[in-house]
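Structures given as structure tokens follow.
Below, chain A partners chain B and then partners chain C, in two separate complexes.
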Partner chain A sequence: MRNSGTFSSRIGVAFMTPAGVLVTLFVVFPFFWIIAVSFTNRSLLGASALHPQLVGLKNYLDLFDPATFWSQGGFGPSLWLTVQFVVFSALCGQVLLGLVLAWISRELSPRAKSLLQGIVMLAWILPDVVVGFAWFAYLDRDAGTLNQLLRGLHVPAADFLIEHPFLTICVFNAWRGAAFSMMLFDAALQSIPPSYLETADVVGASGWQKLRDIVLPLIRGHIVTDLILITMWTFNVFTPFLLTAGGPSFETDILPIYTYRIAFKSFEFGKGAAIGVIVMLINLAFSLVYLRLAQRGLRKKGKAA
Partner chain B sequence: MASIQLDKIGKSFGAVDTIHAIDLDIGDGEFVCLLGPSGCGKTTTLRMIAGLEQPTRGSIRIGGRDVTRAQPKDRNIGMVFQDYALYPHMTIADNIAYPLKVRGMAEAQRHEKARAIAEVLHIGQLLDRLPAQISGGQQQRTSLARALVHPADAFLFDEPLSNLDARMRVEARAFLCHLQRSRGMTAVYVTHDQAEAMALSTRIAVMCAGDIVQYAPPLEIYRRPATTFVAGFVGDPPMNLVAAQATRCDRGITLRGGGLEMSAFASWPALDRALDRGDRVTLGVRPEHLRIAADGAGGRLHGKLFANEAMGPESLVTLDLDGGVRVTARVFGDAPVLVEGDAAFAFDAARITLFDSAGNRIDDPV
Partner chain C sequence: MNRRALISRIVFSVCAALLGVAFALPLIWFVFAPFNAHADLDLALPAPPTLANFARVFANGAAVGALLNSLLQAFGTVLLVATTATLAAYALARATLRGKRVIEYVLLLFSSVVSGSAAMVPIFLIVNALGLIDTQLAVILVFAGGLLPTAMFILRDFIASIPRGYEESALVAGASPWRAFVDVVVPVLRPGVTIAAVWAFVQVWGGFLIPFVLLRSEQRMPASVEIYSFYSQAGTPIVPLLAAYSVLYSLPVIALYWYVNRKYGFRFFGGIKS
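Our next item is the complex of A and B:
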């Protein structure tokens, strides 16, 4: 039996090895390395660079030190900013926008639908640096396309990156990531048998009633998957750095940028690693909450029966 | 309840003409089946009546009101889909009551109505379950209950029984028949199962390639199929069809074809006229009108035994005719039918149907 398959288990192991080595080297090892580093005072310069010492929970305690927690450019404001960033650009932005786009594209002709999806996908597949530069040019105060358009509409020009930096990176992130949610929800909507919605049409359900009573309960699992992925990605996204570099005056200092500053500008690797671990724990907590919500929703439905 | 009229309804998908120009007049309280093979346009026709497809041309009236461009919800219809379209996350009660919820009825009141209709359909004890927790036949009734819970002008059925197994289907069919007669509902029912159409309809519209070939009561369709297509589609087993060549002779007209030999239609003006258009005809005869000719005496269809199936109350005896065509006789009675090797079927000349070279029925001689 073992030898009757297409591949023997030895060949299987051989095929697995390259990927296994890479994953171990670049994912598994750094994961545990980061956790280990977060308990040391490892840095780039000075004595602790040569002989990093175990400092226990010092890095974590420093981060949550009440004296400095809410100080400008500190951990507290960055954490709070990131939560807002996730709520506005990921949950309200990407997830909602993706759902609306997928819902609208149902009604479009196949050609219009592919056109819409193509345009939205473009924002998703372009490399970060290209997109960052394009937005930088688009938002430029004097020669930027957006301000040219606004001037055409007799709206006074503004330097969005300076005057509305947080709003700008929220819109940017929503625009950049909506494609994923749209594609996911599009697939989810297609999995609903047409007769479900046609029955609703015949009995006279409005678009909103169809969405609330039929579509959303049926794609609940997809929504949870999407929320988990989008939340994690937005928590970890670094691209806004290309637009604002965390500024002006820490107004867009979201956690990935804060981590970057601590680890690679102040070269406090230990503290940076501690932030990384905290972000991971936050993501884990979010995922558990979403999964719990999904299960509770299902149970409630079962009981309301 | 209301009547339904289709006036020259047509539907094209791009350059493809799927429905040509259908006229259909369905009276108040009638149960009309659209019967045909898959791809004949019967479901598209039903969906146009429902408003789920827009006709390319023609008009639709329900209860005398032109609804050609009306939304499905403005047509006041109830519809049952092949897959039942029950919402898996809602209980049976919520599923049945959904049309009332959409109309804004209070929860207690709509559950009261759902319970009442569920009792009629014998699913009253299932109201708290989810669709996945009940059988196919019960799901089908739930779907029916949802269509019935709100009084509608007409009911549309899209192959509602085809997902059931054979035994359940017969049971559900009788139930549906009873329900329709007792409520006097106007219904349009799409099916590819001729037995369903025969059992349920007040009239059947037989469809083929986007046209209605015959629209008549079931027995009329059975006795006088308008074309060879209808003859070969309705009946189980369907009408036997044997191609033949007609020749005029002194005593009348003679038919000859592979294994077929019969003569003497002294006076049949319609056949006479048909022969002017071509001498190729098709002879049709129902299986129950064939009998086994003992020792070949009086036999009109000659061939070799192909199969002899004892069904209990009847036997089906199939011959391979000398011309290659296969014909089946239905012999009533549970006694074994003794046939072997070369055999022949006999039939009364009065029982046959003749079709002209274009496949259209030739009027009876009277």
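Our next item is the complex of A and C:
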């Protein structure tokens, strides 16, 4: 049935064309164009803007040049920061927080649950610049809510964006994105037959035992999906720029900000493109794994149905 | 309830409450500052609460202009995405199209690979080559291209749930595929288009990186870039104005989420936000 359509392929192509042009021009073509640009010395101004020259692998070799790889503001530190950022803010932060939140909200009264989830959702749906501004005010050295609170608890105040910038963007990103994992796990937990957990209660299993032996194995698929999606999003997230702009002294220079800085601050498009190609290849690896898993999931569902 | 259960219940409630407070803390300032005519970055109850800050926003030409730019860019994109995605999704769901599976796979793959600031490098150069740098049209086109794949998938699933008999009877009765589409499919598809449109609107309205990279003139900047440039500039930002402005700017997003949540339930937001 799937193959025999309602109408012919000629009309189908006509219907596809407007969207096809837009997607080709601004999604598919950029992928190939960035590869081409990464082999040139393209810049914004001067001779290399009008007549960029092919420089072969120079941009890539420069990025991985052992002499400068680990230098401040270089590719190495940025890559390493990004790995830590993903591990701490996405995997330990968002995924774990989301799981805890979903687990907790199971036991709450409906009103408390919607209050808790509403607050977490709000952090997620507000526009980037609004949460950027909110955190800017929240963390202010002299007057910010956080430092007011710390002073009240007799903890010395700190200028978090200057003194602990990396920790700050990790916490920020965990706060910002926990809602997605929470909702995903919330749906997953609801799909577990209540009788499983009731039986565990009867035999006197603790909360941790229930989580480890019943819940986690049953929602393993959701956890894997969540891990991959959250990793991909965090790997590409630009929002920390709104708090720290990559600074101070490159301490929050994660790859999306590094790419932006090289391409749109220094206007070294060739080098920026080379970084972009590496980023996209990493994205590609994650997407392929995700699509493979998603298709396997679909096939399983199809068989079960 | 025995004592142990009671204690663990209390510990649990305290933990849940602390977690909720931790999530709420960064936003609490935003509840008060917009209504405080002398708001600063400290947390203070407005005495008395006032709407003066909102009046100041509407009296500020640049602030209003930026909101209008956001509206223009968001509506432009929504219009483009809703029409072209509906057409394309219809073809994906119904036409005998060779390589349909391949198209879908390529769409999924590219839309997740070509994203973020890495994608902005070639996109900037392409927009530059088209002579569209610093135009609102460029912002609309680039947003539309990026949002289309997901919009198409949302709509394709909606169309797939419409019985084929609907259009087939129209076709048998002698309607052209175009007529069948406009008169039969589009009306049934309204909830799907609403969701795709709301989603696209929220993306553009909140979007920062694309206008930040593609626009240069102050008078074309959307509210997102305007707010950022205000609070990130050296010197003290005009806090009361900016607080009220940020709330005004957030309202449509909150309202739309609330509306879609209420009307269609939250499952649609699964893969939707990013």
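We take it that the second predicted complex is superposed on the first by the 261 of 305 C-alpha atoms of A that agree within 3 Å, B and C clash if a C-alpha of one lies under 4 Å from a C-alpha of the other, contacts with A are read in each partner's own complex, and residues count from 1 in each chain.
The definition used in the following text is that contacts are C-beta pairs under 8 Å (C-beta built on N, C-alpha and C of every residue); 3 or more make two chains touch, one makes a residue touch a chain.
Please read all numbers here as calculations on a predicted model, not as lab measurements.
*Asks:* Check whether chain B or chain C contacts more residues of chain A in the superposed model.
*Replies:* C
*Asks:* After superposition on the shared chain, which partner residues are touched by A:269: those of chain B (first), chain C (second), both, or neither?
*Replies:* Only chain C is touched by A:269; chain B is not.
*Asks:* Could you tell me if A:29 is touching chain B, chain C, both of them or neither one (first, second, both, neither)?
*Replies:* A:29 contacts chain C only, not chain B.
*Asks:* Have a look at where A:218 lands relative to chain B and chain C in the superposition and call it first, second, both or neither.
*Replies:* The first partner, chain B, only.
*Asks:* Check the residue A:193 against both partner chains and state whether it touches chain B (first), chain C (second), both, or neither.
*Replies:* In the superposition, A:193 touches chain B alone.
*Asks:* Between chain B and chain C, whom does A:209 touch in the aligned arrangement: first, second, both, or neither?
*Replies:* first
*Asks:* Just chain B (first), just chain C (second), both, or neither: which does A:136 touch?
*Replies:* After superposition on chain A, A:136 lies in contact with chain C alone.
*Asks:* Look at A:201 in the shared chain and tell me whether it touches chain B only, chain C only, both, or neither; answer first, second, both or neither.
*Replies:* After superposing on A, A:201 lies in contact with chain B but is clear of chain C.
*Asks:* For A:107, select first, second, both or neither according to whether it touches chain B, chain C, the two together, or no partner.
*Replies:* Touch status of A:107: second partner only.
*Asks:* Which residues of chain A touch chain C in their complex?
*Replies:* The contact residues of chain A facing chain C are 3-9, 11-13, 15-16, 18-20, 22-23, 25-31, 33-34, 37, 42, 100-101, 104, 107-108, 112, 115-116, 119-138, 140, 142-146, 148-149, 175, 178, 180, 183-184, 187, 229, 232-233, 236-238, 242, 245, 256-257, 259-260, 263-264, 269, 272-273, 275-277, 279-280, 283-284, 286-288, 290-291.
*Asks:* Considering only the defined contacts, which chain A positions touch chain B in the complex?
*Replies:* Per the stated touch rule, the residues are 193, 195-196, 198-206, 209, 213-214, 217-218, 301-302, 304-305.
*Asks:* What residues of chain C sit close enough to touch chain A in their complex?
*Replies:* 12, 15-16, 19-20, 23-30, 33, 40-43, 80, 83-85, 87-88, 90-92, 94-98, 103, 105-126, 141-142, 144-146, 148-149, 152, 164, 167-168, 171, 177, 181, 202, 205-206, 208-209, 213, 224-225, 227-228, 231-232, 239, 242, 246, 249-250, 253-254, 257, 266-267, 269-271, 273-274
*Asks:* State the interface residues of chain B toward chain A in the complex, per the touch definition above.
*Replies:* 50-52, 71-74, 77-79, 81-83, 85, 87-91, 98-99, 101-103, 128-130, 146, 150
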